[in-house]
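One chain, subunit A, links the two complexes that follow: it is found with subunit B in the first and with subunit C in the second.
Take a look at the complex of A and B:
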């Protein structure tokens, strides 16, 4: 893109550049873990945990690392999915109407500064330990192990975490659609429903994608904290608390690495989608 | 004259209330009749209400007074029987050129395959077949304007409204597109209302030239030149000079009248 070289060469260069900070980080970690009296586990110990993601951790009352990550991701997926299907339609609705924006602005501005985790005690009281599994399959929930780990209380917290970025970006995106586009569509025979589908949504899509990326980011941030609370017996957050309790810090660090890697993959993927749907916006003259 | 007029406007007024509290009379008592298959150019200095008139004809703006008929009907937003080319770049930036031309066809419910074929034909008509797959930002200004014309034609209306479509183009491209437009007008037997502030362009294209000022038609000038017109001929030059005088007088009158059209 910025050079006339072969795309593979460009990719190699970008990956190479991006790898430098990782190497530095590992070097610092290595030195720090070798200093006397440190509790910081060595790279090799953490690597050992990462290399066997399906091994039951000894001394830990927890699922293997990979299963824990899967449980966390499932919770994120359901919480974020719920945010997506609520925030996008609401954002479009509110974005289209000036009065609706004025109606909802104060409560949204108040709500979005409340940390999602602050709801945790309340959601546990309200929703108890009921899970997706227990809702879908009742007393046979335990047969559906993973779904039984998707507690509604946590899903609700993740929903709260991701709702506002998606909602606000959708709303602003829709409110900011250029009047010209709408008039062009009207002059070309578009009726109301067509306007929404063929002008408002595509024109607001870049903003909606930004909201989605921020929303997923917040969900990944919050999931670990949400899993520190009682009522969960699985997940990366739970994995971290239990390993701290028995001072096996290599397990805690390994799950931190996993979260980071998940974030890296998800963000790169979302950036790729974003540049696909937004390419016209940056270059518009 | 048994034929109904393509566009009939009577006593049209439009007052804008601006944010600073002033009221601007953009149009005041405008009368206009465009017969079917006529090519009428609308000439006027900047800010005289040309775009406002077209927006009202398209149903995008409600008149403050008077009556408006386009193809015999009151214009309603979203169902106007006229294709339009806007003054600004108006292609939908997230659609490729072909998809932009397909837009009015999709809105009419034309099947995808048929819409594709028709849109390609229209792009060919404006000489842009090879740009079908390009996004608007990948096209030059003149190419974008040609796509916009193809889209207006896809509307398949017998009336075409164009708002300074070639305003930002170089002379050569402008002449090229003028010829393309005249071709289409003739072959498709369209009625065209063409807005410009370029006197030579008005003369090259129009059967009639309307000079707009003070929110109404100041002059209705029938062009005595035969087609095709040669801008280098003596007759054209003489006509151009006469029109310049008319236009200058009208502009001066408009300047004197402007104080009256703005009131607190």
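Take a look at the complex of A and C:
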């Protein structure tokens, strides 16, 4: 649409347009914090929290904001990583095999509408306070940095949240690979493994990437609820729930801002990867 | 795909390196028993915080102290210079979370609300109360502009109110709600569920947790709330409410004075296997309680350090809570009142249902640790 314009002007226009909602949001926030009395924190109060990410919050029982962000990212990385290594192979299998589809689809269709948060009590009963640290180091887990903050119950909830988008997109991506590609490969003597590696997976990759982006998004969304977990002392979600309990809302909003920024960075990164692995699709069109 | 997998592995490895902070802390001898202790994390249990933050004072006071290995999480319990246990402290949150974790065998010792502990003992969890931690500390709050400064004025205002007064509570089995309902009944003030009230009545609104008390008061969703400290002091600090009265003062006269609130409990396994450690823990908590009562201003500062609530909140909250490990007649009477109220509400469906008050008291307590240190 912007063809013919100077690139710098295009960039300026994009940045300017993109900034308008932020400016409006800040203006509304500023006005609301003035009119709503002391409850809604002022922008400056939230800025103060964000400006000291490595300081232990003076009025909140939590590890510093930066540590909390790292703990949340660790939990997301493990939960989402587990979803990736389970959902992609299963999605490929179900996408390729009709019998597997008949076997798994009913339970998948039933399960995917269940909110991950609904599993919290059960995961706590089944996994208790056990963490990556306690699995690796037993009762000495506390000596090993933040690993004892990566509770398996939280990881399991994130896994549940991320699994279905990745699985379903992989399945549909694989099932939708053009018959022509497969036939050409077979006609050239490709064996099953080569067919999978050089034809099916690359062809399904754009769909898998969409699933991955959706899965990461869901993992980040569910972290707020999942980190409301007994025994936790850090995490962006923990920051939010704990600050609500003690009515220190500036910490909650600071954590919301960080979650938004993390989501933005992760999404931009995934878009970059997606455009790289899906470049052939654009050419094909 | 390989690019993505590689990226993920690199990110994960980097995070792991950052997360594994290294085991540079000193280890304890393997023979020292390890006990996991859960607590709610607010100022009802600051005896634990005082014990953790004032080791020298504790050593002088009772010969036992906590040596910090990881702040707020891991402590070595010392008798003189001798390590006697390692305590892993977990903040598990309020309500039923602590006794629930004990029922799963994840905690050996818990500091938390007595009503929830009784509920889980009734359900069959093998644990006993070793001693109380505090009594009282519940209050009635109203919005700042509400025309009542005392309980009598509140009752009068409620009775002439053209619409039902909405009073919030944090959860259905909250001690504050039980007391408030009884007190209203004693005043001839009818309490009904939300949405069912008429003029001159009180509607009780479940606020679904302590976190919603301040926003509900500030937004006018409720005209008042019954809460325990530090919730009351937080609401006042945030200018969302005013304190009308302490619930321990409510009618029937004298009935709620010294009502038990929080206590220390231990699992049957911990009691059987770690009697000596538990006895010293009770001794330590008793000494910390004495330190709190000797100087409430200092106790508020320590509570601020331990709970991270603003100092102003703790300066207001700590004096409203009666810290005591005394399990004497007043405590016994208070416990019997809980047994009766929980039976009336059919809360007991298990081992405590058919027991007399005396038998139930004996069933839920092991006061031998307390007696041995008194």
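Note that in this section the second predicted complex is superposed on the first by the 266 of 285 C-alpha atoms of A that agree within 3 Å, B and C clash if a C-alpha of one lies under 4 Å from a C-alpha of the other, contacts with A are read in each partner's own complex, and residues count from 1 in each chain.
Here is the rule we go by: a residue touches a chain if its C-beta (ideal position, glycine included) is under 8 Å from a C-beta of that chain, and two chains touch if they have at least 3 such contacts.
If you're wondering where the values come from, they're calculated on a predicted model, not measured in any experiment.
In the superposition on chain A, contact of A:233 is made with subunit C only, not with subunit B.
Of the two partners, subunit B and subunit C, it is C that touches more residues of subunit A. Contact with subunit B, but none with subunit C, is seen for A:194 once the two complexes are overlaid on the shared chain.
In the overlay built on the shared chain, the residue A:205 is in contact with subunit B and with subunit C. In the superposed model, A:186 lies in contact with subunit B only, and not with subunit C.
Legend: residue contacts after superposition of the two complexes on their common chain; A:44 is shown touching neither subunit B nor subunit C.
Looking at subunit A, you'll find residues 202, 205, 277 touch subunit B in one structure and subunit C in the other. Those residues of subunit A that touch subunit B in the shared complex are 180-181, 183-192, 194, 198-199, 202-203, 205, 277, 279-281, 283-285. If you check the complex, the residues on subunit B that touch subunit A are 58-60, 77-80, 84, 86, 88-90, 92-95, 103-104, 106-108, 135-137, 151, 155.
For subunit A in complex with subunit C, the residues that touch the partner chain are 36-39, 57-62, 70-71, 73-74, 77-78, 81, 84, 125, 128-129, 139-140, 142-147, 150, 201-202, 205, 208-209, 212, 230-231, 233, 241, 244-247, 269, 273, 276-277. The part of subunit C that touches subunit A in the complex is made up of residues 1, 3-4, 7-8, 11-12, 15-16, 18-25, 27, 34, 38, 41, 69-70, 72-74, 88, 90-93, 97-98, 101, 104, 106, 209-211, 214-215, 218, 234-235, 237-240, 307-310.
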